[in-house]
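So, here come the structures, one by one.
What follows is a pair of complexes built around chain A, which joins chain B in one and chain C in the other.
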Partner chain A sequence: MRKVFVCELRRLLLNKFFFGILAAVLLYGWLLLSGEVILGVAYTAPFSPWSFGYYLARLLPLLWVGTLFFLTFFTSEGERRTAVLTGATAVDPRRFAGVRCMALLLGMLLLLGAAVLLAAVFFAYTLHWHDWGSLLLPLLAVAVPPLVFAAGSGWLLGGACPWLVYGWMLAPFILSALPLPEALGLWNGTLLRSYPLTLPADPPFTLPAAVWVAQGLLLLAGILLLGMRIFRRGRL
Partner chain B sequence: MSLRALFRVELGRLLCGRLTWLAVAATLLGPLAGYGLYRPAYGDSMASLYLANPMLTGGLIGAAAFALLMLASLEKPRRSRIAAITDAALSPLRLAAVRLFSVLAMAVLTVLATGLLYLPYTWYKLDIVFSLGDYWLATALILLSGPVMGTLLAAAVDQFAYRLDISLAVVLACIVFSQGAWCSRFFLAQWCVPLVTALSDAFGSAVIWRTALYSRIVWLCLLTSLYLLSLLGVRQYGRGLIGSFARHLRFAALPLLAATLAAGGGILWARQPFIDHSPSDWMSYQPEDRSNTALTLAGTEIEARIESYLLGTLSGTASYRITNTSGESQELYFELDSGYRVREVTANGNPVEWEDMCNDYIAAREVRCVLPAEEQITLVVEYGGMPKMWNAQEELMSSAGFISGKGIELFGSHLAPSLLLQLAGEETPVTLDIALRDSMTLVSSGTTRRGAPNGDGTTNWHAEDAGAGELRIFAGDYMCRTLEGGGFPIEFWYSAKYEPRLAGEGIDIMQEAIDYCTEHYGPRTFTQDKPFKIVQSTVFQFGGSASGNISQMGESYFSDQNLASPDKGADSAEVLAHEIIHQWWGLGVSLADMEDANWTDEGMTTYSTYRLMAELKGEEYARANYVEKWERTTSQNAQSFYMRHPEYLAVLPEAYAAEVKAAADSVNWYDGTALMIYRAEQKIGRERLDAVLARLYTQGGGELPPYITLGDFLNACDLEEGEIGRA
Partner chain C sequence: MKISINSLSMTYPNGKQALQDISLELESPSLVGLRGPNGAGKPPLMKLLVAGLTESAGTILADGAPLRENETAYKRRLGYLPQSFGLYDELTGERVLEYMAALKGLHDQKKAVQAVLSDVNLEEKRRARIRTLSGGQRQRVGIAQALLGEPRFLIFDEPTVGLDPEERIHFRNLFSRAAQDKLVLLSTHIIEDVQSVCNRLIVIHHGRIRFSGTPQELIRMTRGHVCTFSERPEEDAALHITARVNTADGVQCRAVARTLPAYAQPAEPTLEDAYLYLIEEAET
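On to the complex of A and B.
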């Protein structure tokens, strides 16, 4: 299955869409870092978990789109036709779907990793700051749950109709324009701008319980949906 | 197949490609980035913000998108390995040319669609200052330029390199380079989109349109020349670049045309008529003192004609009455705009030899002539041309003198030769007669009289001034409101386009501001004969300035964007009051302190605006909209990371540090200083503070005359700095 994994990963990464989205993520990330994050969010340092979380929250729509673009390789009409052939092979459908899921998550992590690397280089260059371990918590709290949910929900929708994946790409853009409750405030970054102001100066990274619950539910839902795709129908 | 049939087939093929629609979509969406993400124009007029920036950004994105489309179009036959087959049926040179024209046609159609798409929003945002002509000029000269230039460059590079990756890298590098700091200093260095620093809302942007058109012609010549040369390198019969080049040289017309276009572009580049040739180290350059004390100027009469509003050219005859007390012939130098040429010089009716010194310095150059030994001399100088821009201000496109169909600003050597001799007295008269379009109104530093219409769409105007001979004129669709303040009239001249913004309480509040400042600080000292004139001027002057009885107020002071600025006032009328108060604090007297860079006119003006509003709208309103806002912003500024940890500001790269400092400075200039003065008011009482300010306004500062320093203010209030320190 290693060969299948490498082949699937190559399909996802070695194409113009990946490089286009990567370029867009890096460009927008640079604009965010040099335009907004450099000033620091909510009077915190530019390299504080709050500012970094805000940066990730603002990048989230692009990362979401990138993840769903990866999915289009598995849910397109062409792929559905090929599924007849791959279904006739001796490969275990669940393992095949699992390998695809791994490739999808790795591609997603590479995009996220590029954004994180950009921020790390930016902080090192502009502020000579290197304590990157402190950024792990906002990374896990802000970016990972929605992206896993994007993968799971996108796969479900794409399985039903390939074009739904493209419509689902608009979801974070719409959410970022809406006045969201505090529990969903990480989707557009508003919580990361307002919540630290209620805490003492330079607060450590904490979030209200409702936000932890919402993010946890998102992550759980994403994992469950991915699991459903792997174990219920196998391919596609 | 005929070229037309080939073109139809190629265009049809393009329309079926996904990449084509991606390029179209990118160009259509590109201007959106200009509203916030990328703002290359410096100007803050509405047209700069909502027309120039979106068009420039759209042009740049369109350049990259259509360059990619062109490269993909040229790459496709190579990748699919059908080039050998198509070459057998058709000349590869013809095919290459058809592919170029197809992509160019798509670019034109896309730009047209983009223009139509953004028209309603731009119209809505620009509102009273929208000009359909300017909109389509911006579309044609700025937005269209990007895709056309990008396509041409991409085609040329690819036909040399025959590699998509290398060609794309070269084109993208060229686009990035053109937006870099070096290219931004020269309008001709901008190959992709023209240099647009601002667009005027009310007085036309002729300087931008002329330079943009000129630079587009230059680059079209150069890139077309490069493209024609690259056509010779189109591979045929399996030969490489040199082999194909050698074979195609038999089409002699191609290299000849390429050479002609390259030479034409080069000549146009070298002989551009817009920028002067002042020395680059102008600050250390010491011009010689050429003033001739044996000659005395008794009076000047100028007759000027606008030769072409389109080209911005003027011609004139200046007549000077000079007294020569030496009894000998005298050498006389006069300064003239670098863009003007002397046509004839006569003294008492006799021709006089003159010599152009070709020593450009700040958009002017000197001309030398020798006057006869006669005592009374009438010197007549005929001159003409287009005013030039000082090269140090090329990156701002800010011209000291300009002429267009919507606005004219001329003074000093940009209006007529300035003689380097002594004046008979402070009242030495200078008169000007000029015919202007019927739609234009002349405003001058002295008195102005409208003459009879000439019947050819022009009207004669007569202006008179006295003094240093520095007659300054403005022309445009000006309207005048006379404001009373301190017993002397104040004429406020503004473009008719802004009438709707001034029709409400705007004028009333300006009047109140003048009354308040006159009553509390003292009058601006002007006479009935030479009234104080506040004149709205073009955005290309980047802010306001004062000279003699003229005080210029940048047009963007009245833009919807500025009128909504919360730093200057709670609403647009209060921002207008703020700008009027600047006539006292800023142009009347100025605040500066070597030890406190935040002690500026802005803070004093903001405080005065607060006091005015307290009188007009009540203490509660003023406190809520001014004092509480100052306290909030200064507190936020004090809490900001870099204020608490300045050590990180020290390690930040210069560009970022400047940005952070600019944000903090803005708070300190306006709100921080205003809050300090407010605290002083709380300490010493309002009446005593008013007396202090009146004294400082009328007497000026003592520590750094004529500026009023923070020390002057504190001494006058009997306060220590710590008592009213910033938050």
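On to the complex of A and C.
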């Protein structure tokens, strides 16, 4: 299956879309870092986990779109026509779906990694700051759950109708324009601008319990949906 | 390879019956032609044979083992070209075939890909992206992926559609060579393909097998039911005209009928005549 994995990854990454979305993530990320994050969020340092979390939350819609675009390689009408050939091979459908899931998640992580690397370079060269370990928690809390959910939910929708994936790409943009409860405050960026102000000075990174629950549910739902896709009989 | 189909029926969820009580034995080496009008049930039969559909009743045995219980092992011996299929447009033909070889679990993928590219005369285009290939070249990539790994049972659904006459002859010969030690099932509307290479013909109509035997047997069955005559002003409802040809003496008609009219001259049936007569008889 290694060959299949490499081939799937090549399909996802060696195309105009990937380089386009990568350029958009890097450009928008740079604008965020140099325009907003450098000032610090909620009176915290520019390199604080809060500012970094805010940076990721603002980049989230683009990363969401990138993840769903990767998914279109597996859910498009063209892919369905190809499935009549792949479905007649002796490959185990579950292993095949698992390999595709891994390729999708790796593609998603590469996009996210590019955004993180950009921030790391920015912090190192502009602010001479290198304490990368402190950024891990906001990375895991802010970015990973919604992206895993995007992969799982997008797969479910794309399996029902390929065009639903494109509609689903708009979800974070719509959410970012809505007044949301605190538990969903990461989606429109309000939480990380306001919550640190309620804490003592120079607070360690933490989130309200409702946000942890919401992010945990998103991650769990994403994993379950991906698992359903892999373990149910039949191909993508 | 021996495929035994026993009392196979297939009904879609909407209640439409695609296949009714099909029983067949297919054994290698053999090149079996499958013909039938549109909607006769050929695609469902082929989809059942590649485990792409679930039968409503009956069984399919591959070398004596139920297909459903040995699907993976069965598919290792299977090569399939559907009538309508997609390929990864962004990849080259060679990459697509390597991918399919990996899915088929072939060990020496490069060697297998080179062999089938040579078989389908696509070596020069192996580095071309699928989206840049012509319809005929895409079809050849489709045929090549079916041939990967030298499967013992090959199923081709309209494989020569989109190919020019020279390519069609090439592939007919290729299928014929493959059938020397394999079982090849060839569904086609092109009667020349059946006539020239198939040693057995199955005709399916309204989901039932109407004929199973050699093309010669079908032709023999039609003797005395084919005629030619000069076109007449009045239509004869008992005749089913299969061809009209403009000649210096007017329009000459060729027709099939259960009883030939006195004004017509009996003619030696072709396979096309025999097939049309069979379908006409099944309709009445």
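The rule is simple: the second predicted complex is superposed on the first by the 234 of 236 C-alpha atoms of A that agree within 3 Å, B and C clash if a C-alpha of one lies under 4 Å from a C-alpha of the other, contacts with A are read in each partner's own complex, and residues count from 1 in each chain.
Simple rule for what comes next: a contact is a pair of C-beta atoms (placed from the backbone, for glycine too) under 8 Å apart; a residue touches a chain by one contact, two chains touch by 3 or more.
Quantities reported herein were computed from a predicted structural model and do not represent experimental measurements.
**Student:** Identify whether chain B and chain C fit side by side or clash on chain A in the overlaid structures.
**Tutor:** The answer is fit.
**Student:** Identify the partner contact of A:70: answer first if only chain B is touched, second if only chain C is, both if each is, neither if none is.
**Tutor:** After superposing on A, A:70 lies clear of both chain B and chain C.
**Student:** Between chain B (first) and chain C (second), which, if any, makes contact with A:34: first, second, both or neither?
**Tutor:** In the superposed model, A:34 contacts chain B only, not chain C.
**Student:** Determine, under the contact definition given at the top, whether A:52 touches first (chain B), second (chain C), both, or neither.
**Tutor:** Touch status of A:52: no partner.
**Student:** Would you sort A:44 into first (chain B), second (chain C), both or neither based on which partner it touches?
**Tutor:** Once the two structures are laid over each other on A, A:44 reaches chain B alone.
**Student:** Quick one: classify A:85 as touching chain B (first), chain C (second), both or neither.
**Tutor:** It touches chain C, and chain B stays clear.
**Student:** Looking at chain A, which partner touches more of its residues: chain C or chain B?
**Tutor:** C
**Student:** Of the partners chain B and chain C, which touch A:128 in the superposed model: first, second, both, neither?
**Tutor:** first
**Student:** If you take every C-alpha pair with one atom in chain B and one in chain C, what is the shortest distance in Å after superposing?
**Tutor:** 7
**Student:** Using the touch definition up top, name the residues of chain A that touch chain B in the complex.
**Tutor:** 31, 34, 38-40, 43-46, 125-128, 201
**Student:** What part of chain B is in contact with chain A in the complex they form?
**Tutor:** 37, 636, 639-642, 644-645, 648, 651-653, 656, 659-660, 663
**Student:** Which part of chain A faces chain C closely enough to touch in the complex?
**Tutor:** Going by the criterion above, the answer is residues 1, 3-4, 7, 10-11, 15, 78-82, 84-92, 96.
**Student:** Using the touch definition from the top, list the residues of chain C that touch chain A in their complex.
**Tutor:** Touching chain A: residues 50-52, 72-73, 75-76, 78, 80, 82, 84-91, 95, 98-100, 102-105, 109, 142, 145 of chain C.
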